[in-house]
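For reference, the structure discussed in these notes is given below.
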Amino acid sequence: MDISNFLAAVLTLGIFSFLYKDNPVYRACEAIFVGVSAGYWAIVFFFDNLQKKFWEGVFPPDGSAGDHLLWFGAILGVLMLFRLSSKIGWIARWPLAFIVGATAGLYMITYFVSNAMNQVADTMLSLIVVNDVTGSIIWTQTIGALVVAVGVISGLVYFFFSKEHKGVFGATAKVGIWFLMITFGASFGYTVMSRMSLLIGRMSFLFRDWLGLIG
Amino acid sequence: MPPAIVNFIAGQVGVQQLVVSGTSTTAQTPPSHPRAAFLVLLIIISFTISAIAQEPADTAAFDLPDERPAPPTSVVVTDFKYDAGNRVDITWVPSIDDQPELTLVDGYTVYRSANGGDYKLLDSLLPGISMYEDEEVTPDSVYTYYVATMSGKDTVQSVVTQEIRPEWELVNFDLAWLFVIAVIISGSIVWFIWRARAGADLFVRKIAGLDAVDEAIGRATEMGRPILFIPGILDMDDVQTIAGLTILGRVAKQIADYDTRIRMPVSRSLVMTAARETIKASYQVAGRPDAYSDDMVSYVTDEQFGYVAAVDGIMVREKPATIFLLGAFFAESLILAETGNSIGAIQIAGTARPAQLPFFIAACDFTLIGEELFAASAYLSGEPKQLGSLKGQDVGKGIAMLAIILGMVAVTMATAFEIDFFQMIADGLNQVFSTKAE
Amino acid sequence: MASTIATILLILVGVSLLYIAYRTITGRPVERRIVFIYIALAVALPLFMTLPAPVQVTPDVERLYDALEELRPGSKVLVSFDYDPPSAPELQPMAVAFMKYAFKHDLRVIVMGLWPQGPQLANLAIEEAMADQEIAAKNLEYGVDYVNLGFQSGNEFVIQAMGTQFKRMFPQDDRRIPYDSIPLMANVTNFSNVDFVFNLSSGKPGTIEWVQIAVDRFGATMGAGNTAVQAPQVYPYLRAKQLHGLLGGMSGAAEFEKIVEEPGDGTTFILSQMFAHAIVILFVIIGNAAFFTERRKQE
Amino acid sequence: MRREVPLIITSIAGLVFAISFFIPLLGDAQNRFSDWVSIVQSFAVWLGLLNLTKVSLEKITRKREGWQYAILTVVSLVIMLAIGMFDGFSGLAQDPPVSYREPGTNFDWMFRYVYTPLTSTMFAMLAFFVASASYRAFRARNFEATLLLVAGFFVMGGRVPLFDLLIRWFTDYPLFNQFADWIMTYPNTAGQRAIMIGIALGIMSSSLRIILGIERSHVGGQ
């Protein structure tokens, strides 16, 4: 038997043993998982970023001029490590402030452009979709356009907080919540699908790669 | 005459020369006078007509193995608008021999000369391509380009383009509308925050889930069982956690009034500190500071599944009558909701994470959906920055709804009745909102 | 043989559900561990079965395929592997099928990852694609026909910087070859020099960030494969043509395998997927039947 | 000093990224900042590792509940780091250099046979929990939840050939597949889009607050 796969199988079954009940084997596997995954991340970030991008960026192996502005990144990074100390831990807020600011600046526009503006533009749909050649109405797409338009507007009405949900506005919000529920239903179905796939992957590892029972 | 057209004609001349002489071209000075251009146009037309007339002969010539492909035509270089002066675009019309069913053309090569120096190869491109973006230019230099058709080892060059000096622009006017709308929304957010700070009364509608809170706490009191509050698994830097704790403030006050017990295991030490402060303050407001104890909030572990296992244990052992799940939740949402459900607790949940919301809706009694969580938090806290943001966002939603309705009506009218006026409005709106890069 | 036994067992499982339904409705629900056993069987047994499941290719998958078909041989495709091993059962079949398609159609593949595990999963996918006889016969050369640029930290900021220059974020590839020495990357400066971007994503950073930055800001043409958890969220992008095609979850993988005619794990697993869904649906129905009987009694 | 400096840093970083959309000349500054973000994130990962070590060692020295497992965590962490560092530096010393995670290295072996099964199985357990929740918790308790579950059914049964196999006796037409597709393409898109626009505006307002210094929780203010 392949020793590598055997080890992987033992670890797999060790984690699954939690399903019966919490037990020392599971907790041991969990502890190993935490250690190995922290080590994995640290190594990858060390070699692919710190060594490859930062260090060889500042001191290129081919002897060309280095990019010394990269030092700023490293200095900010080192400040981050001060968080481990309770006395001067506050200084770690500087790099954090940098990351938070940069992310806020980038997101502010990217989300606005891609998730608001372009979506609004794409919802300005013709409620009548006509076949260019024959000139007749394509009913499936016409209904689809209507569904999208009504769904988006009523959904926005539901999330509009400056007006009480009464009268026509309230009725629209009601339609909005129905649309949201169908949306969440779709998400629900897809999430179940996703979770089942994860299990299928492990099962196929156990029966195919390890035991070799399936061709 | 716009330079592009001059260039276009110059390109055509180059082709014709090639066809006639069968040799590669030299640089052509484009005709500068409109009348000269017209003359050139006439020549082109006559050549084209003669080419059509000779078509059979040409097709026969196609099959010869040593046939050289035609060069690309109409090679035009344009400065890319609204950049830092570091991009020019070269476009051309592919060689007429570049047809999917023919294999004569292997692709194109683009050459550049900077400041009148030698031509250097920039890139080899696939057949069918008719554009190249050169992003290795600077505003300090002047460039000329030519494109060549590749066929085996053979290359046939186009004419050389006009000289171009990349220009930089300060402001990207393509995005002017984006900027205007962003400023309107940002401005209204700031304005509303300012108004709220000045003490203006900003209206926020009632949130349905909040009504259930009183009832749920009352039920726990009747049954004499504790209330469990889970603020998600993220730290204090997540807005959902903060919103959860704001609602906790209100819940804790009610609990103090009713003299019920609260139990709050958390997965971050900072959240523990903040939650203790929140509950303590609420007990003080309720006039029962003596009833508060630090044991109400306990830190469990940062580890996701470890935390879930511990909370599950608490649920099963202490059987809380009411469970609040308000904050940022991940895969653990369904495990918590399921266990809570199995002990028969009333569950009030809320998160802004779309992937977890379905599970809460299916397994809990009340769910604050997405933004409702923040709205509830703003409503309860009355904090100016939260309230102001909420109102400002409503302005954004208002604009979105209005634009959609207007655009929809315009497009529909334009399609149904083919009225130009509506088409104009529809196109205009689309231009304002669609920002797709080219 | 194994297939027959599995089928018989599965039928028995189905029949025993009736008993569970009876118990639950009469107010004696079974323990959760019993439920665990059911789901384990529903997933494991179909792995031994050889029933063909009729996979139906949906328009979203077709759109991706059409977009790929438009690429001429020699086109450069950037594939970003933004997922980790837990999502591999859904995304790896897509990756393998995509690689096989790309190599068979002489597309030049540039691989990268915004998740640290991505490049290693890419290596696995390439390994598997290379095992195909037709592809092996092509003797594809690393650095010329395909390249693995590796991982870079910075999440969406990596995409942002790549908009100007790939080299900035990937000074060397995963094998530590300098960017400038890789023949395939010789004329690739940024997104304007790749013909198509394909993104395999299971979260953040992933398809959403790629659309926001690479597509909407830098004008890349993009298609994506997503885990089923994420897929519903990117449908608005699909409608607005910010995305050209989407493979969603295991069924998306199976459909893609069908349309590119490279049957693989997606096709094999779809049967298990089907039975798992059946069990979940049945459990929801049983649970609700009990819920409503209970409620009626109370009234 | 403790508050002001981070607030200024936040505003500058935010402004550069937001405004460079409209002012192309800021592109270079933005790329510089992206470099730094990338490097700071590596340090954040190492911070996590040091934190984990610190917590685990405390647990061990104070013999807190589960300290034996903390030993395992530290040992496996050290082993992983040692293997990675060894593979990495010995690879760099070779000519041409070899990556630390090339197929065939010890680090790659650890990835394939230790890391992958552990992390995959951890998440695969969710399948069991979904199943038990569907039996014990997902209830059509009101109209909204009913709508959700029904939509979920159609998607679950339509996206795999489940419902279509059941109607095979009547028709070959993939009715449920088409319907699931319709749900995804129209109502789902509409709902997601409404949520999406709302979230985008929410992100815009919180980003604005951060850049303008109104929101200060990340620098320890309120």
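Structural remarks
Which chain is which? They are A, B, C and D, in the order written, and residues in each are numbered from 1.
Quick note on the criterion: a contact is a pair of C-beta atoms (placed from the backbone, for glycine too) under 8 Å apart; a residue touches a chain by one contact, two chains touch by 3 or more.
On a predicted model such as this, the values are computed, not experimentally measured, just so you know.
When every chain is reduced to the mean of its C-alpha atoms, the one closest to the centre of the whole protein set is A.
Counting contacting C-beta pairs between every two chains, the top pair is A-D. A straight line joining the Cα centres of subunit C and subunit D is 16 Å long. Inter-chain spacing, taken between the CA centroids of subunit B and subunit D, is 18 Å.
Work out the mean CA point of subunit B and of subunit C, and you get 22 Å between them. For subunit B, the set of residues touching two or more other chains reads 178, 182, 237, 305, 354-355, 358-359, 361-362, 370-371, 396-397, 400, 435-436.
Under the contact definition stated at the top, the residues of subunit C that touch 2 or more other chains are 36, 39-40, 43, 86, 88-89, 117, 150, 152-154, 157, 160, 164, 169, 176, 215-217, 229, 232-233, 236, 239, 242, 248-251, 273, 276-277, 280. Shown for subunit A are the residues that touch two or more other chains, namely 19, 30, 34, 40-41, 44-45, 49, 53, 100, 102, 106, 109, 111-116, 118-123, 148-149, 152, 156, 159, 180-181, 183-188, 190-193, 196, 198-199, 201-202. On the side of subunit A, the complex with subunit B involves touching residues 22, 30, 34, 100, 109, 112-113, 116-118, 120-130, 149, 152-153, 156-157, 159-165, 180-181, 184-185, 187-188, 191.
Every residue of subunit C that touches subunit A in the complex is listed here, in rising order: 2, 33, 36, 39-40, 43-44, 47-48, 86-90, 116-117, 150-154, 156-157, 160, 169, 171-172, 176, 178, 209, 211-213, 215-217, 227-229, 231-233, 236-237, 239-242, 248-251, 265, 268-269, 272-273, 276-277, 280. Taken in their complex, subunit A has these residues touching subunit C: 19-20, 40-41, 44-45, 48-49, 52-53, 56-57, 62, 102, 106, 110-111, 113-115, 118-119, 121-122, 148, 183, 186-187, 190-194, 196-204, 207-208, 213-214. Across the complex, subunit C is touched by residues 21, 27, 30-31, 33-35, 37-39, 41-42, 45, 91-92, 96-99, 101-103, 108, 111, 115-116, 119-120, 122-124, 127-128, 130-132, 134-141, 149, 153, 156-157, 159-162, 164-165, 174, 177, 181, 184-185, 188-189, 192-193, 196 of subunit D.
Considering their complex, residues 2, 5-7, 9-19, 21, 32-52, 54, 66, 69-70, 72-81, 84-85, 88, 92, 99-101, 107, 109-130, 134, 144-145, 147-156, 159-160, 180, 182-201, 203-204, 206-208, 210-211, 218-220 of subunit D touch subunit A.
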